[in-house]
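In the two complexes that follow, chain A is the common piece, with chain B as its partner first and chain C second.
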Partner chain A sequence: MAGSALRRLIAEYKQLTNNPPDGILAGPISDENFFEWEALITGPNGTPFEFGVFATRLHFPSDYPLSPPKMKFVSEIFHPNVYPDGRVCISILHAPGDDPMGYETSAERWSPVQSIEKILLSVVSLLAEPNEASPANVDAAKMFRENREKFDETAKRCVRKTLGL
Partner chain B sequence: MPQIISMKVEYLILLSFLLTFAVITNAFYVKKQFYPSVVYLTKSSTSLAVLYAQAFVFAILFGKFIQRIFLGPLRAIETEHLYDRAWFSITETCLAFTVFRDDFSPRFVALFAVLLFLKCFHWLLEDRVDYMEQSPVLGPIFHTRVIGLLSVLSILDYLFISSAYMHTIAKGASVQIVFGFEYAILLVSVITTAIKYILHSIEIRAGEQWENKGVFMLYSDLILGLFRLTLYMIFIMVMMKIHTFPLFAIRPMFIAMRAFRKSCNDVLESRRAIRNLNTMYPDLTAEELGNATDTTCIICREEMQVQQSIKRLTCQHIFHKNCLRSWFQRQQTCPICRTTVLRPVPTRAAAAAAAAPLVNAQPAAASQPQAQIPVSTARFPPSPSHLASNSATSSTSSSTPTNTSTQASPPNFNAMGAGVFPQMAFNSFPMVLPPFAFPPPPLPPANFAGMSEETIRAMEGTELSHVQARIQCLRNVRTLLDASMIQMQQYMNIVLTQSNMENGTGLLNNLKNDTDQVLTSSDENNSRNNVLNPINENDADVIRRRRLEHYRQRLSPSTTNQENNNDS
Partner chain C sequence: MAAGYEKTGVAPSDVGDTSSLSYVIHDVDLDRQTQLLQNEIEREIAASQPLVTDKIPTAQLQSEYALDDKIYQDKVAELMKKYKYIRRTRGDGNCFYRAFAFGYLEKNLINKKELDRFRQLTYDLKDQLVKLGYQDFTLEDVRSVVIEIIDNISKEGTEQSLIENFCSPSYSNYFVAYLRLFVSGYLQMNREFFENFIEDGKSIKEFCCTEVEPMERESDNIHIIALTKAAVVPLRVIYMDRSQQSSLTIHDFAGTDEGTNENFEPMITMLYRPGHYDLLYEN
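Right, the complex of A and B next:
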């Protein structure tokens, strides 16, 4: 079973290196372990996260295509759907069956059809359009709803930090 | 952070060595001779503490050495697991000490330390073998190391078990029973690891997906889990008889129980999934696979080969049987469209039979409303003559009230058309145009020559109902036109989606022209009605006016036609 996980990860890695999606760079951290990936996501244009390059870590379970990977932002990011410790709250990363909040339909959740590319693209679109319905960072969600200018400013500060400015 | 910790550890080791050196030199310095200084060392608790610490440091260093030989550098996750498990194990060992406080001696502590030491290597080996599944590159060094460690550990376990057995036989029940059981359990775990290693190696050698590996893994897990659980049970029962309840064995036993339950569950689920797959969905034949457009299994992202067994679900999505099985152990839905699949649904032949009526059901659904509501036959006639006769009757038969008019409004049709969309759009569409060739309404002679007063009056009486009928007819026409416009839009949508842009727009333009013509012709009809007005006006009298007003009230949604009619 798990041998197939490795083969699938290798296949996805090949696919991602041959046809890299815009603004996304992803690959295993070391050649010896394909179950730990690092991905660089650029903030989508026209959002406060524009020009930012955010480093994320993906950890794949040994039964990978059947269970979703875990994703975590390594760079600091101020976003309503990213926990302060960097974990991303996005429905396609939630295993089917368990619904912690009770509002997602199973259609939104993980299935083997999803892929690393799709996850990363979903995260990019999440950066562009935060989902106010499921805030992971309550402060960010509150600021996003009530004081958009301050939110944009805070987000931009994070972007500057990721760029080392 | 880890660097700082390792620095600290090195300092501690150095400190321990220095202390030991100081203590030993001190003893020799005080006592001058070998034997008295050893006695001094063993009597002084401070020096003993230092020496124990030194022994601990030696054990750690020895462990590191063994690890270098058999495992090489540890991965982060391995170290983490090691610390977690070591922590639990140390607490449990302390609990065990409380149970065997009567036998407490340095030798006893040393035996437990050895047990813990060996346990650590068992865990590390387990992690290492699991890692086989995750790494694409495994050199011969890896295999030598794993095989070496496996054999060393199993030999050690066996030796400890036999010595514990001999001890128990010779001197009766003692602490050795605990060690015997502990090493037996460790031996089981070594065997589990060995089986896993063999399975992984076979898979690596085979080079491609080995279909039955998952099944083997499941069953070996089940059987060895059962072994482990029985060992714990026997151990606890024996301990209850000899000593007291072994509190320190509760946690591992609970874990073993849970693991066993899980593997039982896995085996059952897997069997169920396989059975369902085999009974409900036949294997795909080579021909069917050739016809499939996308032959990549979405679960493992590999091309499906004919020799692999491939299944097609009721939703027509195809997967490797093994990929499906492992997915169905988690969820009984199609991975792509998430339709529930593991219900007792009919087989594919029956499903195909069920699908055929479904296709036929659409025209049936289309014809059904026509049968039920007579209006819709007039709206969307199956033949032009039908509507022609209908409009003819409505225009000529004067006294019959035309109540077929306003019931079915365009939105109503729209809802109906959405359900039975393709048939409606394509079949009825070309037939919309011809029916508008209306038979001209019967007109009276231009100057009423040769007509008596009575006939004119009678004619006038009937004329009103004629006019009303015509208005009604025109309204019907309007509704029809609206409906046909909607149809046209739908048709356009289809055409656009089929990306026949040019044809589509051309067709639409034609249609627009046609409808414009029809609309203008209906305007002409209106004006014809207006021609009648002067006749009415000529013989205007009070009764007629009242009657007109009465009719006007009855036809409450007043249209422009009526306004024109009643304008005086």
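Right, the complex of A and C next:
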């Protein structure tokens, strides 16, 4: 059903291009392959990630949207819910039926009526409000909890890096 | 599926406990390890269990239970009196929807009028969901696959082609996904009634987002009521569990509000054993 997946991805790309959400820019890396996207996410205002422009990659499975895409930060980011290798730990991205971290049953889950836009907006919210219940980067989670000043400083260092400063 | 995390021995409370941050390094990537393990289990199930099987004599059920398991052996014997065949579905959390879709289409293989009625409902559902606030592009792709399946069945459907369609995960799963939306839409359009049956203080919308729309979430009576009413398809479920009474429990779900009566004629009959639905046939 890769044909259906492709049609869906094209429809989502049109939607995101015509009505881009604030601070988000997303699209396929090349015209040849609609199953690999890049998304640029601006750090939300009033957070230590403010002014940062973080590059991420999304990989879509051939049965998208029945299964969710995989998402990874390419830019370095120090965040409790992002693994050191860039993978994002967020409930909306987990494969259906999969509940490894014992998320609250009310946590947002992937389903075919979700969208790329909703994923990216959820990630923006996660930047603003880390989820302490499912740490992916232990050092970041610990620092976020115990030494907020140092955490903010480290986060800002990543921001400067994304801007090439 | 629900026991996914138990297999790794990590209970939610271990992870959610923020009072002590004594995480150990090997737990960090637990998320990924669990996912890999889960994928492996799913692959094993997929390799050993087709999404839907051919019809199998119900007599085979006898060998599934110990010979001295009197409660179940009695119930299987009771079941065999009326139902000669069972068609199994894969136990992947989608079994109720898959059984419903297959059972319905099989029953109506040569009933063009009925298929046309269902096709129209399928077609109209998208606009109803858009009115409820869903984005058009998240529905269009799923609907078009389902319409395509119905049209193919209408044209030249046979039991064999149906089995082929439903053993192909993509086709089969798109149908499951859309039936989930039938349930979601019906619950939301009748929220005053169904609100009373939702536990955990969830709103109908939250319930639909977490327990109905995501693939592989299992079905309860509330899902069944909503789907039979939304599709207007009468369904009979035969319950087989370890309860002491020797007779089988029968539950009829009417497709309309007129209620059930003695002349209830199900379009689909399912066998329910704790956690799983299969299809039943009288002959």
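We take it that the second predicted complex is superposed on the first by the 161 of 165 C-alpha atoms of A that agree within 3 Å, B and C clash if a C-alpha of one lies under 4 Å from a C-alpha of the other, contacts with A are read in each partner's own complex, and residues count from 1 in each chain.
As a convention for this text, contacts are C-beta pairs under 8 Å (C-beta built on N, C-alpha and C of every residue); 3 or more make two chains touch, one makes a residue touch a chain.
This structure is a prediction, so every number in the text was calculated from the model and none was measured.
Q: Using the overlay on chain A, decide if chain B and chain C clash or can fit next to each other.
A: They clash: once the shared chain is superposed, the two partners overlap in space.
Q: Which partner does A:50 reach: the first (chain B), the second (chain C), both, or neither?
A: Touch status of A:50: no partner.
Q: In the superposed arrangement, which partner chain does A:152 touch: chain B (first), chain C (second), both, or neither?
A: After superposition on chain A, A:152 lies in contact with neither partner.
Q: State whether A:4 touches chain B only (first), chain C only (second), both chains, or neither.
A: Both partners, chain B and chain C.
Q: Going by the contact rule stated at the top, is it chain B or chain C that touches a larger number of residues on chain A?
A: More residues of chain A are touched by C.
Q: Give one of first, second, both or neither to describe whether A:108 is in contact with chain B, with chain C, with both, or with none.
A: Once the two structures are laid over each other on A, A:108 reaches chain C alone.
Q: Of the partners chain B and chain C, which touch A:66 in the superposed model: first, second, both, neither?
A: Once the two structures are laid over each other on A, A:66 reaches both partners.
Q: In the superposed arrangement, does A:33 touch chain B (first), chain C (second), both or neither?
A: Only chain B; A:33 stays clear of chain C.
Q: Would you sort A:83 into first (chain B), second (chain C), both or neither based on which partner it touches?
A: Second partner only, chain C.
Q: Given 5-13, 167-175, 257-265 or 401-409, which one is the stretch of chain B whose C-alpha atoms run into chain C?
A: It is 257-265.
Q: Using the superposition on A, tell me which residues of chain A are in contact with chain B and, in the other complex, with chain C.
A: Residues common to the chain A contacts of chain C and of chain B are 1, 4-5, 7-8, 11-12, 63, 65-67, 96-97, 106-107, 111-113, 115, listed in rising order.
Q: Would you tell me which residues of chain C are touching chain A in their complex?
A: Chain C reaches chain A through residues 1-2, 4-5, 8, 10-13, 15-16, 18, 21, 23, 25, 28-32, 34-35, 38-39, 92-93, 129, 134-135, 137-142, 144-145, 169-171, 173-174, 177, 180-181, 200, 202, 206, 209-211, 213-217.
Q: In their shared complex, at which residues does chain A touch chain C?
A: Against chain C, the touching part of chain A is residues 1, 4-5, 7-8, 11-12, 15, 63, 65-67, 83, 87, 89, 94-103, 105-115, 132-138, 141-142, 145-146.
Q: Report the residues of chain A in contact with chain B in the complex, numbered from low to high.
A: Spelled out, the residues of chain A in touch with chain B are 1-8, 10-12, 31-35, 62-63, 65-67, 96-97, 106-107, 111-113, 115.
Q: Which chain B residues qualify as touching chain A in the complex?
A: 75, 130-131, 133-137, 200, 203-204, 209-210, 213-214, 217, 298-302, 323, 326-327, 330-331, 333, 335-336, 338
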